[in-house]
Amino acid sequence: MKTNYRSPQQFFRQRQLRLWVVLIILIAIYWLSMAIVSFQTIPSIVKVPAGLVWLFKNFVPTQRSISYLGPILYQLWRTLLVAVSSTICASFFGLIFAILGAKTTTPSPILRVVIRFGASLLRNIPVVAWSMILLFSFKQSDFTGFLALFFMTLGYLTRAFTETIEDLDGEKLQALQAVGANYFQCVFCGVLPEVASTLTSWVLYMIENNLRDATLVGILTGTGVGFLFDHYFKSFRYDAAGLIVLLIAILVILLELSSTQIRRAIA
Amino acid sequence: GCASGTATGTKSDSSASKDKDKAITVVFYPNESAKSFSGSRDALKKSIEKATGKTVKLQTTTDYNVAIQAIASGKAQVAYMGANGYIQANHISKDVQPFAAQSDAEGSLKKATYNSYIMVQQKDADKYKDGDKYSIKNIKGKKMSYVSNSSTSGFLVPTAEIKREFNVKDEDKLTQNGQFFSKVLYGGSHQGSAVNLLKGDADVAAFDDGDLMPYLKPSEGSWDKLGSTFEVKDDAEAPFTDLKGKKVVNIAMMPVQQGPWVYNTKSLSKDDQEKIAKEFTSKEFASNKEIFSQPGSKAAKLFQRKTDKQQLIKVTDKWYEPTHKLVGY
Amino acid sequence: MKGTAMLKVIELDKTYGQDKHSLKSVNFTAQPGEVTAIIGPSGAGKTTILRSVNQLIRDNGGQILLDDEDIRQANKKELRKIRHHIGMIFQNYNLISPLTALENVLHGRLGAKSTMAGMLGLYSNAEKAEALELLAEVGLKDYAYQRCDQLSGGQQQRVGIARALMQHPKMILCDEPIASLDPKSTRTVMDILRRLAKEKQLIILINLHQIDVAREYADHIVGINSGAIVFEGPSQSVDDTVLQKIYRQADSTATVTANEN
Amino acid sequence: MKGTAMLKVIELDKTYGQDKHSLKSVNFTAQPGEVTAIIGPSGAGKTTILRSVNQLIRDNGGQILLDDEDIRQANKKELRKIRHHIGMIFQNYNLISPLTALENVLHGRLGAKSTMAGMLGLYSNAEKAEALELLAEVGLKDYAYQRCDQLSGGQQQRVGIARALMQHPKMILCDEPIASLDPKSTRTVMDILRRLAKEKQLIILINLHQIDVAREYADHIVGINSGAIVFEGPSQSVDDTVLQKIYRQADSTATVTANEN
Amino acid sequence: MIENSSTTPKTLPQPNPKTKRISMMTRPRLILRTVLGGLTLVTLYSLLTLNTANLKLSEAFKSLGTNLHSMFLQPSVGQDSWNLLLTALTRSVSLAMLTTLLGALFAFFIAVGAARNLSPTWLANTIKAVMAFIRSIPTILWVLIYSVTMGLGANAAVVGLTFHSIAYLVKAYSESIEETSSDTIEALKASGVGFWPIVFQAILPSIIPALLSWTFIRFEINFANAVAVGAAAGADDIGYYLFMSGSFYSNFHEVGLIVYLLLGVAVILELVSMRLRGHYLQKN
């Protein structure tokens, strides 16, 4: 790293130059992408409010949709269970992988690369492919939904946990090393307490995320509230579909609130 | 391919925004009828362009609701859809009107239908006999497989048949586990639904004829006969590779009306409507080798032509009365 | 015992990055039973020396002999064992902030525990009692159950000291342990350290800025400037000329080669 | 001018949480042109006082008069303006670590800039030159372009000092500014602070642990113990009995009510 | 706001000195354990009650093996051409770029309002709730909405996907902002620096590594979404071919090839993000 500049002017000029280069690259990427998919920024943004109006006009739950409340609530409960269980299982394995894969705590750099790319693989196999792989073998059931969510969550949590651990101040770990603590002790007594609150919020977020993804997975596996949504949606019962969205939103907001609350309590 | 087709279509579109109103958007949903035959689609685009003198933009979507909303809202002017989809679109906006559908082999509308089946495995077939005839009386409590709930022949028609037979009022009963059926599966496609049955995940499955023809052959009876037995072909590709030789029997067969070409009368000028309708129902159009697979040829095209007489033929909303009834509006 | 347990640093070298020469051929010894103070201007390399001694940072060359064995040659497992016997007190405390003071002190026992017991934080009652006692000794009896990030700077520093004492160390490395302490606490802490050195024949290596404290409490003083040792001797022999040599030029020229010894 | 620009703290109260009484009816004054030192045991509330003075923490009651106006009544905008004239030096530096020393020093000018210029970090050449000069003055000329997390503790502290000076403040609050400095830097820094106080008639309020430094450099000394002022007077009058009063009991009883004044 | 960081010391009552056992349990720990324990119980319950559809595991895994085999070991272009697939892939990547860039830009400013250490609590909470609401509307719905209001095509796809992109990044960014040490913010506040200068001069440089990693994660998600949903909006991207070969033809070979293409993009992304992060995190 070059640390000596002739004058502050030169230093700031270089800073600015770097900033400009980054900005220009970003703008170039944006412009190129726009051209490739023929996207029109301004006309599109102008129409955003109109879309929102349409959404509320069509999807507001009506009197009729209340009659669907029973099955919706039951499926929502099932979906919540699958979302929670897949997240918890995934976070258990994700934590192990993250500790083994984080730069600061990895026992071997090769393992780190393997884990990172393994996680990337899990995240990036598209849902359609997951559903093909899993549906053909595990059939249409809650279990298939569980597996699909589990694998995708594992991919994300491994990465998120890894980075949380990497962001940790290395000096604090050094203090434990200096005490003569071994690897696992450093992890359990140093790393985990420091990151517990962040990890918890991640876990709660992934539950929320899986609840929403369940709409996608549900369509594929024919289970849960996602399937129900698809069913109402496809049969043009938009009010019922809207009711499902509303209920999911309420649940998601509740989860988010409790997440903040819990994080504050354990911080 | 269709990818480049879209690109050029939109480019001229953004350069001269005036032309935008004049451009005609055609939307396809890859339903049971419209497959990814990009060659056919390009030919279609050319012939519409020739007929109207306007730029044509082709849009494909994988989502059923998007296609229907697009044509109903007038953002797309022309669409090719299944019968059920048409009814839905027409229900949202009366501006959506059919103008052409595939004729029967005689070139008329009389038998302009294809078949939807309810099938069971051959080894269980006897259980579904009512006297010496097959019936669906015994399917209650079984495991059922549909195609998807937006499918006409793989969902709408079979459920209508079951509703009629068992006098069920609430359609939702037929789609939920443990209500009418012990379990309800969705194959995602006609092939998928058939596979559910062949593998034994479902006891009863609904699907149509056209989509299964490459994989099944009638070993007893024919495609048009109730109670026929079908066998998986020896050279069937995935996902049927492991299922060679397995047999299924159709215990119910319902005619399904051919899906229409529709336009939105609000967003397409009268003049263009006539021009396109005329072009589509013309004899030359039917002999376009890119759009119709000619009799005897194996090449997969948008439409199959069994005889020289088969072509697109003019239809109106009235002809779809039976499907209107099935849907309920 | 005294002769063998001595700490001997020989020709220690350290560069950060490629060009930042922070330690240049550092040589000094520290005897058990004595308090050895390292003094020198800010940025001279005091922290760097301390961290090299228990190999928290890898140096570029030299020898660090403890009991005539070179720490630098130890493998991972041996190093852990050695480290368990070296207490360290950090300039910026380095406590695990969400944990209570008590738990941080108990961490001092980790090196002596089995992996499993350490992981799960299973400490015996005796250990807990000892930790509480140590906290009381450094004046933090009432803060045992408080999260460390809610303690004042000086309070955190003292938690760090208690943690080091909890290790029952043979050597204690202190990086400016009294920087954020008030005079009274300073005396308390320095008294503890000196007493430990004498009673248990510990090696105490301590970075200090306050020369008067160094003169009063240290037996042996090492002066460092720009990464090079410029003085080593008994604390009585530190006079104004020596101090001038040590603190000369401060560190605005720290990167420029200085070769006095 | 001297009379009006005085800092007057009246009956200041602060509790952390519900029960932790950290400041109890604190009263003292600080004159421009003078260095006022606050001394007291660790955990007594020195940092808390300083932070209350520029309202970084909201106290529970009392008055803080600067130029006879109560800072506590200022609205957001006024507060920002007032704060721009108050330099602050933190116990743990509080620099933006990924940025260079130079940039951190320049941050001292942000309060005087328009929002836009501040957002984009547009500094004039004169400001840049001044920042470099200030860095040179605290002995960090060669470190101007180094990331702050690569500086030693004392180096970071001095960057913080330069940042405060960059504000051209009317008052400087220093939270143990010399804790991690070597004696020479300590002198440099304290000399700078004293000179500034005299030359520019600044109010300098400084938390110190080193009594000798306080005695030498401060004009006025405030002693605090367990959140209560136990002494206020010129630095000459600080004798052993006073010190005993200030440092008595240390802070193991900091939470227990103590009502001497 | 920042100043009122009054935290109650969360200690349990002092352990009774007479009892021999010295407890180290504090309230935060208790809460954490309760939460984790509760979640574990729910997990156990739901795992035990999962409907497995009479699954025969051995058979399932065998067929999984064959499928994976034909997917990953025998990829082929199927009935489409390389040219077609690569063009479509570029289109998908572009969609992801657009939605990520747009999302990041909007999200950063909204996130500042949603960060509890910068904005009043009511505002932060409101924004967070609105974002949570936006997130819970399925992407396909957004796409539907915008293909109705502006017609099928890239415009609808980009706008539809950007909504989620923004909602997600606002949450992520605002939490990163909340994690910046309040001390450093305090230092600038103490010198009377205004709000936006603090955001850009203190917070932004401190959280760049976090922002980068979040943005890259989102890029990945956007890419996946573009594949899943872009096709529905008629953006004519790789998702269309994946859908056709997967859901319609069950052509494992072509699905395999497309998955390889997608993974290729993901690996490149991962490499770029690792490098950038390393660059900003480096301290030595």
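We just call them A, B, C, D and E in the order they show up, numbering each chain from 1.
By definition in this document, a contact is a pair of C-beta atoms (placed from the backbone, for glycine too) under 8 Å apart; a residue touches a chain by one contact, two chains touch by 3 or more.
Chain by chain, the UniProt names read as follows: C, D = Phosphonates import atp-binding protein phnc; E = Phosphonates abc transporter, permease protein.
Fair warning: this is a prediction, and the values are worked out from it, not measured in the lab.
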Neighbouring chains shared between subunit A and subunit D, ordered by label: C, E
Intersection of contact partners for subunit A and subunit B: E
Starting at subunit A, fewest touch steps before arriving at subunit E: 1
Contact pairs, highest-scoring chain pair: A-E
Between subunit D and subunit C, distance of the C-alpha-averaged centres to the nearest whole Å: 29
Between subunit C and subunit B, distance of the C-alpha-averaged centres to the nearest whole Å: 80
Rounded Å distance between subunit C and subunit E, as computed from the means of their C-alpha atoms: 44
Chain centre separation in whole Å, for subunit E relative to subunit B (CA means): 37
Of all residues in subunit B, the ones touching two or more other chains: 10, 65, 188, 201, 239
Residues within subunit D bordering two or more other chains: 16, 92, 142, 150
Multi-partner residues of subunit A (each touching 2 or more other chains): 38, 40, 136, 139-140, 196, 233, 267
Contacting chain pairs - touch in the sense defined above: A-B, A-C, A-D, A-E, B-E, C-D, C-E, D-E
Complex contact set, residues of subunit A against subunit E: 26, 29-30, 32-34, 36-41, 43-45, 47-48, 50-52, 54-55, 59, 81-82, 84-85, 88-89, 116-117, 120-121, 123-129, 131-134, 136-143, 146, 156, 159-160, 163, 166-167, 170, 196, 198, 200-201, 203, 205, 208, 211-212, 215-216, 223, 229, 233, 241, 245, 248-249, 251-253, 256, 262, 265-267
Subunit D partner contacts - residues on subunit C that touch it in the complex: 16, 39-44, 47, 91-92, 136, 139-142, 150-155, 158, 176, 179-186, 188, 209-212, 243, 247, 250-255
Interfacial residue positions of subunit B with respect to subunit E in the complex: 1-4, 6, 10, 25, 27, 30, 35-36, 38, 59-63, 65-66, 69-70, 73, 75-76, 183, 188-189, 191-192, 195, 201, 237-239, 242
Residue ranges of subunit A in contact with subunit B within the complex: 38, 40, 71, 135-136, 139-140, 220, 222, 230-231, 233-236
Sites on subunit D touched by subunit E in the complex: 16-18, 20, 54-58, 79-88, 90, 92, 94-99, 107-108, 110-111, 113, 115, 118-121, 147, 149-150, 160, 163-164, 167, 173
